[in-house]
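Common to both upcoming complexes is chain A, partnered first by chain B, then by chain C.
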Partner chain A sequence: MAIGPDHSHIGSHSRNWCHYSQGPAGFRYSIWCLQLHDVSSLVYHGGSGRGIHRGHRRGWCQHGIFCCGRFQNNKEDKGLKAIGLIIALLTGGLLIYATVDFPAYGDPKSAASTHVSPRYIEKSMEETDVPNVVTSVLADYRGYDTMFETTVIFSAGVVCFILLRIFRPEEPEERFYRHTLTGMILTVKETKTMPSRLEEFERIDTIWTPHDLIIKTLCRFLVPFIQLFALYVIAHGHHSPGGGFQGGVMLGASFIVLAMSHDLRTATQRMGEKINALLCASGVFIYAGTGALCLLLGANFLDYKALASVLHVDSVMARSYGIFIVEIGVGIAVMATMIRIYNNVSSKGRYDEGL
Partner chain B sequence: MDIAVTVLLICGLIFFAGGTLGILRFPDFYSRLHPAGKLDTLGLLFGMMAFALFNLHHFSVGTLLTSLKILLIVVFAFLASPTATHAIVDAGVRAGLSPWKKGEKRR
Partner chain C sequence: MGDLLQTILAKYNYWIYIILMMIGLYAMIVKNNLIKKILGMNIFQTAIILFYVSIGVKKGGTIPIIEHTHGAGPHIVHAADYINPLPHVLMLTAIVVSVATLGVALALGIKIYNRFNTLEEDEILTQLREK
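Showing the complex of A and B:
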């Protein structure tokens, strides 16, 4: 990863390709960047998640809270936990060690205050036609950084999938069906062939089964507004606070609201696992693909100016549109990852019954 | 107009203060949700009305649109807040928490 310190890369309008300053300080800084962007989140997910998912799959106690199975670790799990702890401590120590290299907080003589920030603030509008400096810095001047943040989110979703997903579904001992007209609840126990589809009956979860008309109706009513607002936030990131990450989180939340107010099956009917995976990857692909397209058109990676000939606009507007395309990619990736993490965690990887 | 804005803001603040006091003073989970759900919603209505009115100082289509957006917040909060309270109470009942009765200790 080639993200360097701010105070070393202001030369000649090249945005993303930063050069490490020489010497041990630069090395510490580069470690800090590397750890912060790639490793820390993965270690967190991988290290802490491993021990949980051995043991019982179905451990719901009478209050509907997942409780048992988690603390019955065998020796292997303890070893893994120890390794995870050591890695986490080492990472934390390295991060703290690297902060020594930072300029003091609010230091007026630091590079960021003397020439980096003023340049961004003064030139952003004329170079990218984006009034919101945060967006232009995030997606254009330091677009490489944001691309790997998107990748980290993508890998968090993938790690969640790898750790939790169970592909051989153990059939539950019993299933509950509600007769939609009378509200009577039918229990089907220990049959080899469960009825997959019954007219007039709807399947309900065994643990958490409120039939709440108020919540269901209201959530169905609110979801389109949430999604509309999310699209607005993504599209309006040029002019106001917002952008791909925030809008993507809202889009994901709209699906999670649907899953919580109805059940997981309702939500996965609307966005299946495969479509979710496709969206998750295509979001990152849109971002990286935009950068690669710039390469093909003869400019630097993620140098949106090169898109001018494709989009038939001048180079300033090309950068503006480039930011927009990239934000769309970020939004798609974040949305799909949110939904994926929720689905896996809430149903313990079974995609069957969840909160 | 300034007077109207001030009066509305003070009304809203009174409701918010009452809600906070209720959350601190009421004896148990369910009764605490009562001020949390009701008074915050009403306080929000007054506060947002004050903002919308204040925004109309220089009347134009733009400011009118902004005021309408502010009032839209009230609409969604009015829908979402009571439903959320309802869901929380429902969860409490399902988890088996019995309501507080007179003479019992505060929880």
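Showing the complex of A and C:
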């Protein structure tokens, strides 16, 4: 195949070309991306825009074949690189100069360790009955901070949803169904519906890999243990390292493991989008609601001492329980947000095919 | 020379965080691919997290979980025995928030990719100028 500057006729070809060139045909593939390169620098794999391929920035294809007409940006890049390097080095130099005034590593008398933290360490057990000072500072002494951090996470989930979620794709998509017994694959257009009663068919992704029994089984068995450990981490956050953030991330990870080892549809069947949204909001609501309840009971916002009359315990234990309630709220919010971000980003807002 | 080495070794945690931060900053400024910029941002965040956590260290201190036995009343606690919990609290939330912001950044990346069919900054700028 001739490689020359005259390949303008290729521009009319569809982008789905490289769909057929996956696999061992490396050389053909490289020539194709060479030609496609003037149309756009990205070559689609599998027809759905996944698998970003780049690599023609310096005039050389990543496969080692020369591409023409890609030189004009090099000079600019060099200037920018130099400026960037100078800025980074300057900032680093200034910071290194500032370290002269900083306390040495592990110095017990450093300003950070002598200002407020001794009060937290010495009074935490007495005031809140929570041995883990990190938890008591997180949810009680600095409760406002954590509440708004939770709100930030909630908003990040909402932003991902608003940016990406597509309810009706513009072009009708093709769906693939595989007959489990024979391995035959049916292609169904979006507009047509598949009779749902045919249980011998299973829906598969555009890029479908055969089932790996070991991975699937292992992940399926792993999920409940991950969740159990996550619940332990949330519930035992008073006495050992842990709490709502860590446990919530683990709970989210258990669903993400399911989505990665099976497919996204399996995971969204377990936790649907609406339930996810409800949980995400209710986590923040539990946190803010606990604070508001304290307000209604005549104390300051997030002052858990006021909960003593509701929970029928003394004021120290009330603070301990208040921290626990708040941690549960954080855990729920973080879990739902992690799942939502993964679902939206991995399926580009379509919720049909994940990674 | 030995004196300088002594000062560097006494504060090596700051050096590590500064070097990581410089790498992140350089990637954020110079790299042309938006995903690489996001990675640079993450390296930057990691450097800050390392900085904060290293501030909390006290020589001779253990993790900030007060020694306790079930049923025993409160006893006197010496702050010097436990490391500073405050940086840990701040970074605990910062880590999760950094994951959430990473999600938002990737979502924006997907939107940009849908619109321009590329994640290279110069190609996006060329396309914008053509319009």
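Here is the rule we use: the second predicted complex is superposed on the first by the 217 of 355 C-alpha atoms of A that agree within 3 Å, B and C clash if a C-alpha of one lies under 4 Å from a C-alpha of the other, contacts with A are read in each partner's own complex, and residues count from 1 in each chain.
Here is the rule we go by: a residue touches a chain if its C-beta (ideal position, glycine included) is under 8 Å from a C-beta of that chain, and two chains touch if they have at least 3 such contacts.
Every value quoted in this text rests on a predicted model; they were computed, and no experiment measured them.
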Partner chain(s) touched by A:Thr290 [first = chain B, second = chain C, both, neither]: neither
Partner touching more residues of chain A, whether chain B or chain C: C
Touched partner set for A:Lys81, first chain B, second chain C, both or neither: second
Which of chain B and chain C A:Asp145 touches, first, second, both or neither: second
Touched partner set for A:Ile215, first chain B, second chain C, both or neither: first
Common interface residues of chain A - those touching chain B in one complex and chain C in the other: none
Touching residues on chain B, where the partner in the complex is chain A: 76, 79-80, 83, 86-87, 90, 94-96
Touching residues (chain side chain A, partner chain C) in the complex: 40-42, 49, 52, 54, 57, 73, 76-77, 80-81, 83-85, 87-89, 91-92, 95-96, 99-100, 102, 104-108, 110, 112-113, 116-118, 120-122, 124-126, 131-134, 137-138, 142, 145-146, 149, 152-153, 156-157, 159-160, 163-164, 239-241, 243, 245-246, 248-249, 334, 337-338, 341-342, 344-345, 348-349
Chain A-touching residues of chain C, taken from the complex the two chains share: 7, 10-15, 18-19, 21-23, 25-26, 29-30, 32-33, 54-61, 63-68, 74-80, 82-90, 92-93, 95-97, 99-101, 103-104, 106-108, 110-111, 113-114, 117-120, 122-123
Sites on chain A touched by chain B in the complex: 63-64, 208, 210, 212, 214-215, 218, 221-222, 225
